[in-house]
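Lettered A, B, C, D, E and F in written order, each chain numbered from 1.
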Amino acid sequence: MEKEFLENSILCVKALVKEWSGNKQLSIESIRPVTDLDGQNIRDFIASAPQDSQSMYKILHSYIGQIKDQDIYQITSTIVEKYQDKILYYPAAQKNHHAIHGGWLYHIVTMLGLGEKIVEVYPFLNRDLLYGGIILHDIAKLDEMDANELGIVKDYTVEGHLLGHLVQGVKLVDKIAESIGADPEKSLLLQHMIASHHYKGEWGSPKTPMIPEAEVLHYIDMIDAAMYDMHKALSTTKEGSFSEKVWTLGRKVYRSSQ
Amino acid sequence: MEKEFLENSILCVKALVKEWSGNKQLSIESIRPVTDLDGQNIRDFIASAPQDSQSMYKILHSYIGQIKDQDIYQITSTIVEKYQDKILYYPAAQKNHHAIHGGWLYHIVTMLGLGEKIVEVYPFLNRDLLYGGIILHDIAKLDEMDANELGIVKDYTVEGHLLGHLVQGVKLVDKIAESIGADPEKSLLLQHMIASHHYKGEWGSPKTPMIPEAEVLHYIDMIDAAMYDMHKALSTTKEGSFSEKVWTLGRKVYRSSQ
Amino acid sequence: MEKEFLENSILCVKALVKEWSGNKQLSIESIRPVTDLDGQNIRDFIASAPQDSQSMYKILHSYIGQIKDQDIYQITSTIVEKYQDKILYYPAAQKNHHAIHGGWLYHIVTMLGLGEKIVEVYPFLNRDLLYGGIILHDIAKLDEMDANELGIVKDYTVEGHLLGHLVQGVKLVDKIAESIGADPEKSLLLQHMIASHHYKGEWGSPKTPMIPEAEVLHYIDMIDAAMYDMHKALSTTKEGSFSEKVWTLGRKVYRSSQ
Amino acid sequence: MEKEFLENSILCVKALVKEWSGNKQLSIESIRPVTDLDGQNIRDFIASAPQDSQSMYKILHSYIGQIKDQDIYQITSTIVEKYQDKILYYPAAQKNHHAIHGGWLYHIVTMLGLGEKIVEVYPFLNRDLLYGGIILHDIAKLDEMDANELGIVKDYTVEGHLLGHLVQGVKLVDKIAESIGADPEKSLLLQHMIASHHYKGEWGSPKTPMIPEAEVLHYIDMIDAAMYDMHKALSTTKEGSFSEKVWTLGRKVYRSSQ
Amino acid sequence: MEKEFLENSILCVKALVKEWSGNKQLSIESIRPVTDLDGQNIRDFIASAPQDSQSMYKILHSYIGQIKDQDIYQITSTIVEKYQDKILYYPAAQKNHHAIHGGWLYHIVTMLGLGEKIVEVYPFLNRDLLYGGIILHDIAKLDEMDANELGIVKDYTVEGHLLGHLVQGVKLVDKIAESIGADPEKSLLLQHMIASHHYKGEWGSPKTPMIPEAEVLHYIDMIDAAMYDMHKALSTTKEGSFSEKVWTLGRKVYRSSQ
Amino acid sequence: MEKEFLENSILCVKALVKEWSGNKQLSIESIRPVTDLDGQNIRDFIASAPQDSQSMYKILHSYIGQIKDQDIYQITSTIVEKYQDKILYYPAAQKNHHAIHGGWLYHIVTMLGLGEKIVEVYPFLNRDLLYGGIILHDIAKLDEMDANELGIVKDYTVEGHLLGHLVQGVKLVDKIAESIGADPEKSLLLQHMIASHHYKGEWGSPKTPMIPEAEVLHYIDMIDAAMYDMHKALSTTKEGSFSEKVWTLGRKVYRSSQ
């Protein structure tokens, strides 16, 4: 009964649950790939972002449309266009936060929402730069990881391993900005935001934020990752009790009884 | 010509600037405390928050008024009332960020603005708890430091040295909550937010945030401290150049030429 | 044959040892809770302190009786009385040193013995304060953990998780001291000793010891925990050889051949 | 007598040494820039590499000439040509090791000598890659710092501050390699060597070496920096005694009496 | 069928491979120690250094023969003679790099090759001291570990556990040097090289290198350990892909497709 | 008026205090070394241990006399005899705790008092080993530092710099023990206690304590150093206030108002 099936496909299995020595076993009678007639949708078996990719993509574009600085607008929109396919299904990580179909886009769009609010509180922040930085800070994750259209990461790419998405992102912005003749300082500021968004050397950044937009970008990133993980953990925790230890947070979280 | 003058008072000095061996010297002819006739205001000589304390205090109260949970409302409003005098002039620190007249209140009010926005992005957050946590997280700084009405910290209090404002704040909330018969869990959650707002043991917190409102509180605090310090440093930096190293940030900041 | 038995009860099992595929198996014929007729004592199945709880409790009281300062005496004796039931059976930890029936009391009593000796060497130490600090430093472990009368910890309490026994202990002393009208500074010094007994932020203390009694308390605690763990490990190690790695110590210990 | 003189120029001063209150003072009678007639050479006043820049440059080229891989040869030689002016006078640092006229070139040439030897011991190392990596690992220091022709660094450039020579170097190799149509993997390996040559995040590298040539590059760099600093410190230390603490090494060095 | 066989002996097993529940099993029919008639050599089953021990030992002696300083020569040759048996088969570690038959000698001989080259680049280094330091830096591993003639470490010795090979090596050199009346400073310098070759306290050295020969010794040791581990990992990795994570390096290594 | 005076001698100075530009100045009229006629004693100008050296030396000997194990007794008494001169005046440090005339002996004698008490609490401890370890743990400080008979350290010795008193102490015990034919394991245990008394690599110990006597030795050392520093700081602090920051402790200490 040795057959080979496609990775990431749905199988239809007919089997009997038996018990042997206290353990349940599956005694398989037949196994075959689903056909169109089965009416199954792979999406139903895949963890996905709570919002539809197309809707989120529209939101992303509406934020790009608000960027008034022509250099930042051109750099950002050119790069987003270049990656428009992957943006619709890539996760934001292989295992950590937002490791779901459409997770990359969901993370970015939520961060843009946060950024929009924070600029209202600190009007001296450069809104265009912050939007550009948010959209581009993880753009090279789309090159760092090799994911299929289900949003499942098979592995890191060779360049992803050897350079990482921070350095890859800097190179990408640098080249695109040069190719469209953008103002060098604006390109540099975006590159700095990408390079510094992990904040410290020991957390992966070769430089610490030196402009307020880069500082804010880091914290927006941290907040959204933590909120994602905490919300997910709490959704399977009973009121008045603690979750299991959440691996990405390194601790348990508490769901209050209110 | 040895007289003693009051600390933190304004003096009127009549003097001649001379030069000796390349250094300028002040040759004092007369020196006396100012009188009402001089028409000087001590506030003009003191770094103060950009907003008027009374206006900020009204904003603080409007946020308290939005807290719907009666336990959290009672705990927060009772404590704020108890500290209403100090709230109007205390700085948030002896030397670091917001070390200015009214700095404590300015920090809290700005953080409330941030919290209000962030709850809009993550509606599963408990708004009442977040507001309460923001208002109370540094409340015991008013007991930890001994400041005069000019907002200048003379020293830490004995209890401030021996326990610190995190532990002092927990004790305060615990006692007030008990005295007004508040729900124990709500009191506990506020205490946890105070105890964990420095995030890690090595940064001073005996516990790490275990509820999302505590996690967000930490980052709001970090963002507002950094924005304050960066904005202040950039305001005296020329376009296209770097500031001096900012002591609280441990780095220089860059003012772009845009 | 699915029955439910009480957790932490003794069962009488009649079974046959069989071997299948090289592994021994227990083939159960009958299983039932023990009855009085069986004459079994749960204590025989539970790791316990080497001394009887009642005897240790008397020793504890004799040390309390030596406290001459009325404020410290009142605070300490009031709290000990409040916890007198738990004191008789609580362990000092869920897994680490002194995780045995009566372990909390055994740890405290041994530490008091150490403290008594050390004061003789450094007579400038305040004996009353040191005794009070030793007795109260871990008092809130009785609230932090949820243990049954066998001295087995089921879990940490919600407040234990969210605040921890250092902060809980400070609150407890603060309230009791206030309720009996004790001198505020003496209460504060005891609170400082509780808060600082883990010594550093990264080890869990929000403050470092600032009085010599707090410094000594920390080291007495370290010595007794290490002696307990080393003695336990060596008792099952052959002369002239090393123990297995002791988890709490992070190393092996050597039993000399003398 | 207020005149302005050019920074980094030689002045001819006529003065009298006087003593006032125990301190020696220089009483200047006349001061003027040197003219050609004075026959002074700025080089005599500037710390310089022990070898002549032109000779070192020839050695550099002889190593480039040994690179057999055409992609690595093209990338390396194109970049060296582009920076040929600065290479002749740049220091390797503002303050640390090799902070001298020609220091950058001296550091690289010595490292090449080391690399040549080490490949003989480990023949599985790719010699071409190692030579390319050595030559390019610090190439962007020529862009990171703003130095004059005396080899004195005035400041870091804006891009130097915001990205640093590791990221700048990766970008440079990436662009040059692409422009000359070099094999992408060879370009990537050189970029990885640049990015990882500080070894760890906390030492400034976004990636740790993952190929043996990158690993060796790091240690060659460390050896040459340490040998430079130790040799310099020992040259002013008496036999049988210790130097002052060397800032870059964080310790004293000992000159044996042999 | 319970027999006891000698540890580290070769067994001749006759068995049938069966499959049960998807797992392969070995069904043993007969098992016995090999006899001379079987013509098996234990060496074929043991990982060994790529060079023959006798040849490597000759190389070691040729380096000793190059030491001109009589004190260093005497100390080194006396100690090597004393350990000549173990030197031929000891590994350099129980589990890490060079944990193979003859691994200790292979590590030393390769390091001597490196040292020889590096002295050519930095002629101010004392060649005799460096050779002596390389040969003796790990000499006490032969006392620290208890290995059999197959180069397999059974355990650490008691003294190895309680002092470690750095301190043991210092004591050894000290005593031998004294017994042969060697110059005290030369003995001391060799002891310092042994004590400092792990570089930092947290890496196991009670002192940091304070002479350039000790500094270089550390890096030679690091390079050879890394080259051994990387070369070994790459030899089982396909071109253009990454190895599994190498435990001793804490990362994957990449084998380029060239 | 340039004369040279002996270091560490007393001078008799006749001078006038003048004031110039607000600063007080000493206008020296005559200066000369004291003579016997002046009746001054250098000891009055030197910080010394609170006990007389001869008395402390007797106490030390009484502890040695209590060591029943003949090997440990012989090793300890032989070494103490060898260093009997220095023991009477050496400080325990150049700058830190017990940096006073007789400080080494004062530290040891107080630690012995502590050790005596602690063995009473933990009778499984080997008293002989603990006494031996306490007496010998810092014995090589007498070789590590170069102090004069006033107890003032001029510098570290060359061997002190290159090996440190932990390694020097191990060598010393090893040689003396061998010379008197002591039991090797007892010698080894004493060496382990010396080597591990700084507890961790980053605090200077190449090995962590693996016997309970070594563990206790470390804590006795820490307690006595802290008590010395705290007591000294508190003796110049007013009741109810904090000391200046104590350099060796890294914090202020509080003197309670009791």
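The definition used in the following text is that a residue touches a chain if its C-beta (ideal position, glycine included) is under 8 Å from a C-beta of that chain, and two chains touch if they have at least 3 such contacts.
Not measured: the values here are computed from a predicted model.
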item: Chain labels contacting subunit C and also subunit D; value: A, B, E, F
item: Fitted rotation between subunit A and its twin subunit B in degrees, CA, nearest 5; value: 180
item: Homomeric contact subunit B-subunit C: same or different residue positions, threshold half; value: same
item: Cα-centroid distance, subunit C relative to subunit E, in whole angstrom; value: 46
item: Length of the line joining the C-alpha centres of subunit B and subunit F, rounded to whole Å; value: 46
item: Cα-centroid distance, subunit A relative to subunit F, in whole angstrom; value: 60
item: Subunit C and subunit F: spacing of chain centres that average the CA atoms, whole Å; value: 36
item: Touching two or more other chains - residue numbers and ranges from subunit C; value: 158, 161-162, 185, 189, 210, 240, 242, 252, 254
item: Pairwise chain contacts under the document criterion; value: A-B, A-C, A-D, A-E, B-C, B-D, B-F, C-E, C-F, D-E, D-F, E-F
item: Residue ranges of subunit A touching subunit E (in the complex, touch as defined); value: 158, 161-162
item: Partner subunit F, residues of subunit E touching it in the complex; value: 158-159, 161-164, 166-167, 170-171, 174-175, 185, 188-189, 191-192, 195, 200-207, 210
item: Subunit D residues touching subunit E - in the complex, by the definition given at the top; value: 69, 110, 113-114, 117-118, 120-122, 124, 126, 185-186, 189, 208, 210-212, 215-216, 219, 222-223, 226-227, 230-231, 234, 240, 242, 250-254, 256-258
item: Residue ranges of subunit E in contact with subunit A within the complex; value: 240, 242, 252, 254
